[in-house]
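Some structures to go through are shown next.
You will see chain A twice below: alongside chain B first, and alongside chain C after that.
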Partner chain A sequence: MVYAIFLLSIILVLSFMSFSSKPSPIYGGVGLIISGAVGCSIIMGFGVSFMGLMVFLIYLGGMLVVFGYTTAMATEEYPETWGSSIVIWGALLSGILMELLLMVWLLEHDGMEVAVGFNKLESWIMFMDKGFSIIREDSLGVSALYNYVNWFMVAAGWALFVSVLIVIEVIRGK
Partner chain B sequence: MKLPILTIIMTTIFTGTMLTMISSHWLLIWIGLEINMLSIIPILTKNQKPRSTEAATKYFLTQATASMLLMFTIVFNAMHSGQWTTTNIDPNNMIVSLTMIIALTMKLGMTPFHFWVPEVTQGVSLMTGMLLLTWQKLAPISIMMQMFTSINPIILLLIALMSVLVGGWGGLNQTQLRKILAYSSIAHMGWMMAILTFCPSLTMLNLLIYLMLTIIMFTMLNMNTNMTTLTLSNLWNKSPTITMMILISLLSLGGLPPLTGFLPKWIIIQELTKNNNIAMATVMAIMALLNLYFYMRLIYSTSLTLFPTPNNIKMKWQFQPKKRSLFLSPLIILSTLTLPLSPVLSTLN
Partner chain C sequence: MPSISINIILAFTAALLGMLMFRSHMMSSLLCLEGMMLSMFILSTLIILNMQFTTSFIMPILLLVFAACEAAIGLALLVTVSNIYGLDHIQNLNLLQC
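Our next item is the complex of A and B:
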């Protein structure tokens, strides 16, 4: 289980690919669920439990549920699946090919330095730490929103209100 | 659009740009850009035609991509340098400086990310196009002026040179006035960014003069709702004063002395030659002639010749003007006659 975050990152990329290849929204919703859950697990593995809880509750349990219901109401007779487009197959094959090339390169040479250093898997390995941390950055950040930067909370609330207003205004029509 | 909603949306557009301009933390800058982009979408779709919807979609996709790249650069910079201020980006970090330039020039509409500017400007009304070409440039330029010491000058000069080229050659085949002004905006952005790494005060000077000229051009075109060159050629009969003002404003936009539009080009060429960049200055000055050519073609059909029209009588029943034109006279004077004030620039910081 040392490579937990590494494996979860692979699943994250695959599920991101599954909805960005634009199948019918039902299949895209499945990809969103998986990518949301896996993303939460990754950040919870790094210790940020509050953000993970927020994403599970609000994103998956609120927004994605509403999205699923509206898509089920507005779906079409022959939705586009993952296997029906040549793009998915081509991306899958080229991804597998590049993964094989990467492994061959890493076995031959000492590491790879393109944009970030990729020498070992040390930043992806999760060491089990026995202590506990008193300072929780994520929940302290939310409380700081109410305390130190309360004008920023006003701006954030205004942005949310205006975004709903804009969506309603754009789809109003004549 | 109902008045309270229009007020809220206009306030939010203003708030977004102001938030970007007053912030020194990268996250707030990005938030201001997002608020600005989101609240200008209903302004673009205000007149409910399919073309406006297409223009709003193109605008949204391009700007969202640029914001996404900017967010990537912000997080990358925070990861590598550990701080979120605007002025302390490490110029040796190639990824940050490159993708920052790409994100900000995509927001401004410079080459090679200029393809959305003519199409979006053509798909919306004249006043909305003016808002797009003037107010939306303020926020990205304010970011670039805060971080100009960490920009890679070679890439920025390349982008600026290509923008001047595309702005000149792209506008040659156009008869629609909104597309002509969009290509003029691309070329002027090229001039502004060419001098950014050498002397950012001149970017500000060029921006101010370009803003005045663009506002006055759009206002004068809006007074009789001229969208094409053909309708401009009937303008001599309807309002001869606007014909004259279009002449001098277009000549100023093209950069002819002794009008104000010559001032930024002159000083930019001077600063480029002071920094041993003579080839760039020469090529940009020659390419500005292409801009001047299509402005001259507009002036030719507007003021200098009379096209064959169904109405050749000089008398016309004049009606009361229905469109408000704020600040028409002061802006015309400011944008064409202030070249003798150029020594005041030596007193600026």
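Our next item is the complex of A and C:
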């Protein structure tokens, strides 16, 4: 299964097409949940489980729940699905067709050269010094938030607090 | 790896086109904006992993957190419009005031 992550990225594009063709927001939210789960699987396929956990906790569990509740509040009685309007159907089919043509072109013509060579599935190799050790890159990198950029952490916390105040002021209106 | 990258760039472009073209609801544009943020998160995580820029893992985390803020403020605006007009249709936004 060398092509496992590649197939997952194709499924990611197809689920992005499902909410970019803009059906009613409830169905778009379902498509975004599926694309969040597939994106988490792509990230976990590379080994960084912390980033996948961030996607599930913060993105799906924080943001999409709020989107779901707001959609339930501000929606209409007969939401339009993917097959109900020719516009949505046409956008979805043209998106899927574009993705299939791109994949056929990649796999048949042995790569694609636009500015960089988008060839097959090889990785980029970094040449570094001698010596090695076992490190967990993801948690090591995120813990640099508390180590090297202390003040940025404080400023980001302040910005989040101010955004809560902004939301309350916008809701209050007059 | 580059063929995975081109798929994620294609997903970003599809969400960008979906956000810029209005249909009836404002909510679907906000969903496409969230799709753009998700694809940027995935792409930056994969590139940082490949290039071993370990300290740059801060960037996708902060991107996700500030995208959550931005989504909250966008939803607050949508709720304001929905409180006045009943629905969040784009054709209601023709007066430059609420």
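Points worth noting:
Assume the second predicted complex is superposed on the first by the 131 of 174 C-alpha atoms of A that agree within 3 Å, B and C clash if a C-alpha of one lies under 4 Å from a C-alpha of the other, contacts with A are read in each partner's own complex, and residues count from 1 in each chain.
FYI, a contact is a pair of C-beta atoms (placed from the backbone, for glycine too) under 8 Å apart; a residue touches a chain by one contact, two chains touch by 3 or more.
Keep in mind that what you see is a predicted model, and the values were worked out from it rather than measured.
Of the two partner chains placed by superposition, A:Ser49 touches none, neither chain B nor chain C. When the two complexes are overlaid on their common chain A, residue A:Ala155 makes contact with chain B while staying clear of chain C.
By the document's definition of touching, neither partner reaches A:Ser41: not chain B, not chain C. With both structures placed on the common chain, the touch criterion links A:Gly173 to chain B and to chain C. Legend: residue contacts after superposition of the two complexes on their common chain; A:Ser163 is shown touching both chain B and chain C. The larger set of touched chain A residues comes from C, when the choice is between chain B and chain C.
Shared interface residues of chain A (contacting chain B in one complex, chain C in the other): 159, 163, 166, 170, 173. Here chain C touches chain A in the complex through residues 1-8, 10-11, 14-15, 17-18, 21, 23, 25, 27-28, 30-32, 34-35, 38-39, 41-42, 45-46, 48-52, 54-58, 60-62, 64-69, 71-73, 75-80, 82-83, 87-88, 98, going by the rule given at the top. Taken in their complex, chain A has these residues touching chain B: 115, 155, 158-159, 162-163, 165-166, 169-170, 173-174. Taken together, the chain A residues at the contact with chain C in this complex read 5-6, 9-10, 12-13, 16-17, 19-25, 28-29, 32, 35-36, 39, 42-43, 46-48, 51, 54-55, 58-59, 62-64, 66-67, 70-71, 73-76, 87, 95, 98-99, 102, 106, 112, 116-124, 126, 128, 135, 137-138, 140-142, 144-145, 148-149, 156, 159-160, 163-164, 166-167, 170-171, 173. Touching chain A in their complex are the following residues of chain B: 1, 5, 8-9, 12, 15, 19, 31, 34-35, 38-39, 41-42, 45, 48, 56, 95.
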